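Order as written gives the chain letters A, B, C and D; numbering starts at 1 within each chain.
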């Protein structure tokens, strides 16, 4: 079960890329997604990729990064705001190395970060869309909808990255109908699916008929709850319907759509640009609906469950956001 | 009526109490029986984890519930046996051995998960069975109780049955008598020819069985997959539950139900608009209070005759 | 020869246990690694591979030493207080908050540092007081109390940072950065070894001296040996139980804040970091003796850094590293391991000395 | 006569290197009562544990009824018909008497369930057979110590043994209880049991034993018929010198009142009136003995006088100061020393060093420490001095107490208490489990303390001890002082007995 590819016999030198995860794989969220992006790049772009799980002890991250910078990787990919301090400290000492940091940005005014490229995602924009969709569904007469105007949100922790989803979601829901009530629960854990399920069951009991999970593994409990209570669920980060449809078709059938945060695509894109010599280091890029950094999953189930008019409305709202006609709030800097 | 209040007063709330309490009742019984034998078993966390994992994997590959049950129990018992071997035979500190085993369980399950499911988080790529939900028609006739008791997972009923089994083992079998004797005074027990190490090992094995059922419930009842570290501290909460209950059957059940109630309450209260940390902390504060009040009442203090 | 073996038996046993642990680890690595020889090197020699890695060992040992002492002091009084985890955490959170609040005073660095560390120590004492008092007064079970208090400390800390001191520019739960003046200096180039490490080492000797050379330390140990006896002798058991928890809390509190002030420079934990449990591990391995605890902490840190290097440079999966660590810990405390050998040697020595000098009656 | 047990060249080395038995040879004849005596630490208990399979010898052979055996666990010994009552009680305190008695041999129902009725029947039948009365359904912790001892004996008999080892069974018994026990033992012998009996009370040995073996320093130094040996002979063999059993000289100087107890009452948690209106005083220079069958309130009285327990109502004056509501430490500082009844529970910290045990009441004062820092140099010298003075058998003051024999542990307690320059000594069973040589030593220390002006309150169930030391005697029964004897010379057990048993009352 090695994750490392050895390249001793290659004639042409491949670009070595290391993805360092300040946590572990299996989060069903951006770490897994980033890994997918790297795998895509290994396959299609022929880079030499390696992924390293750093674990959850923050004290280790900076030394690890330093080690990697001293190693033979040309590009080091890291993610999340928690790595900002580390990369800000390490990158200036290794001008020959390139760093890509996703889901956050370094502060370029701190100087000498010309070898760092930052990727940001406007998860609030896509969350706005699923919020709007949820509001339309709860007020509809779709088979599993009830007459209460209540929708649910399950967050992993009460922190800005999570609340950025929440803010967009609520704004989207209220854009459709200001009377819709949004139940918000936090699990205080990203890996307690049993608790996630319990929290959402309670939301369904309190009148919600659709709920949106932004809680990593904990969020998988939401989908189970939807299956058990026969309600709707909204996936996150990846297309969770596609992920589940073979393994648990019944649960998958409750997922109306997923709010996609395309970490994988963005990393693939960055590496591709790099190989083409077009990636601009020393700056941050913000990827929203317009850049396909985020989106709403469009799959067979979405088409089957959600009426055409709702889907049209979602598309229409997306266009408005892209054009700037709707400004979506954010939890950052608030 | 306020929908929140309405839902708390409903049968669904009590229904969920039982469901939430179940993965605490099992390990709490496990903690209780090993405590009676004189071992502090804080390895329930690890025991539950390996059982939850083994159950799902075997279920996915055999599609046979019985085999998964056997696999889950065997895995839990195996951890208990390792704990017993090190703490009883090799005289390792049992707390330390348990900490090491919890670490071990957490690592090995994720490692094997990756091998079997090619995923380091959840086993959703493995199609696991779940233990059935029991529909008892006669129960639905009973007004409120029916709503609470009916349609629960079979393991919820088994949890309650386990409390009774625990009672019988402890108070009505020679093994139970020996376990209590060994726990109170091992020298006394060995002076009548009882093999103290063996009895403690039996208690740990039983503890492993209870813990395993708790683990199986998490991965094959509560949800239908294994997730890394999915026990999320329930093995530690179980220590509190059995301690509140003085390791006695009814007490341990009540202790676990107390947790079930406060957790379920916290879940139901979660959507109201106060900081989640404040709601999340409630169960733990309640435990400290209950434990303190309970201890104050039974304090040996007065017996010693001092203030 | 036999006498020599007997004298150093415990040391020898530990070394053999560790060697067996290593052999098992090696087997695991041979099994899973494509490049096993290199992997072994990473695991065992990696930690000494460079100044910065040696630094890593010391950096990691620092909080473990603090927590080890924090656990050992109540353990010496037979109070199974596993609350260092929560105390470490909440003291760091409160200390960070305090440091940020008094930032405006523009205290000179040295004073600022002392004030903040003292405050954190006090908070640790306060948090340690709770289980100590509840146990002494109401006989509540210490293990359970402190387990629960760890969760409570966690939620209070997260609440405090999240709602009152969160860095608004950060997407994550993290406090504002502390002002530079309050940093504990990292004094060895290429490492993050900071003044906190020196405080930890000083704490080891202070705690050792405290336990074995002061009257309060004596009282703590006597209560631990037999509290009926302590009470009968006139020792105030109530006071000792409470004080042992408080003093343990002080070390955990200072440890938590030193980690913030020396390494992270902000409060950034989102979950309990586990140093308190490491403290339990080293405290038990070190038999509650601060000096031995220090060595145990270095050893545990060495193992972890070896794992970290292995993780970075080899193909051995991350999870197996904790499996290896678990196996080594299990073996280390196996007291009865080789007990037979020791016994046989003891008998030989004793028989030689005693019986042969006696004329059989 | 047939030999029940035969030991050949038994050597036992404890893991700490102590050689407790050094090539012991011993034959026990069937159907006799065979006493084993010897100083504290002579290796008696160790030898018995070897016979009972609790310790394995390093060398030597054991024959039971002619057959060589290798016991690994007590179960093996029990199977060969050997039972043992240990020096320290071996009962599970929270279990009932029936549960304790049938532990390991429980009658079953349907193979796996306890047959509780049959359990009681079984016990009942043995109670009738051996006439040893015990309550069936009480928890052991609720029983007085004498009854616990009976439970122990019954427990051994219940396992159908024919060789019964009793390690100091009378140390905790009253004379009356001892009498009852001895009657049972004689009866048992008649019924064909072989009994090995260990005691430090030579009078008892003379009374009941057929044979006596004397051990010293891990070896057997003599075995003979009991009738051939006088108490003095045995004592001389044991300690290698003459030992006096005479009453100590009268005190020369009786001073002021040092301890005064007025209207002391104590009602315990179960609402039982344990002590009723106790009034007495002890003057400096005198020893007042409190005689009584154990469990008549002595424990509570001593604990109240030493601050370990709060009385319901009382006035207690030590040297004129009222000590009600004072802490243990304050009471000790006024000058009260306390030799506790249960040395293992209160008297020592087993796993602490001897020197640490010797300073537990004074570590914080004088030269022992300064400003909270212990002065080990002083402490070491001090402890070495006490070890020498009180003849404590140990390789070093740094040894832990649990490696000492029972008697030497008692000496540690006595050494600490008597060396604190007390004005009042409250001594509970001060020589319990101590060999005759050391007993004399301890008694001498108490006497010297008295002569230097100390007031001594001696609480003991051992009438010989009371009669040997006391200047005055109070008899306690059922929480009341039922009689006081102001003249002791010429008194004997027969005079006290009726009061102790509550048959007689009055001034």
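Just so we're on the same page, a residue touches a chain if its C-beta (ideal position, glycine included) is under 8 Å from a C-beta of that chain, and two chains touch if they have at least 3 such contacts.
Since this is a predicted model, take the numbers as computed values, not measurements.
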Of B-C and B-D, pair with higher C-beta contact tally: B-C
Inter-centroid spacing, subunit D versus subunit B (mean Cα positions, whole Å): 46
Chain centre separation in whole Å, for subunit D relative to subunit A (CA means): 75
Averaged-CA centre spacing for the pair subunit C and subunit B, given as whole angstrom: 29
Distance between the centres, which are taken as Cα means, of subunit C and subunit A, whole angstrom: 37
Residues within subunit C bordering two or more other chains: 155, 158, 162, 317, 339
Touching two or more other chains - residues of subunit B: 110, 114, 120, 275, 277, 280
Subunit A: positions in contact with at least two other chains: 1, 24, 53, 157-158, 188
Touching pairs - complete list by chain label: A-B, A-C, B-C, B-D, C-D
Sites on subunit D touched by subunit B in the complex: 52, 54, 73-75, 77-78, 84, 86, 89-95, 99-100, 103-106, 108, 112-114, 116, 155, 159, 268-269, 303, 308-310
Contact set on subunit C toward subunit A in their complex: 32-34, 52-53, 56, 59-60, 63, 155, 158, 162, 166, 168-174, 192, 259, 263-266, 268-271, 273-274, 308-309, 311-315, 317-318
Contacting residues of subunit A [partner subunit B, same complex]: 1, 24-28, 32, 53, 148, 150, 152, 155, 157-158, 183-186, 188-189, 191-195, 197-199, 201-203, 205-207, 216-217, 220-221, 224, 243-244, 247-248
Residues on subunit A engaged by subunit C in the complex (per definition of touch): 1-4, 6, 24, 52-60, 62-64, 66-68, 71, 80-82, 84-85, 103-104, 157-161, 164, 188, 332-334
Subunit D-facing residues of subunit C, complex: 213-216, 218, 221-222, 225-226, 228-236, 339, 342-343, 346-347, 349-351, 354-355, 358, 360-361
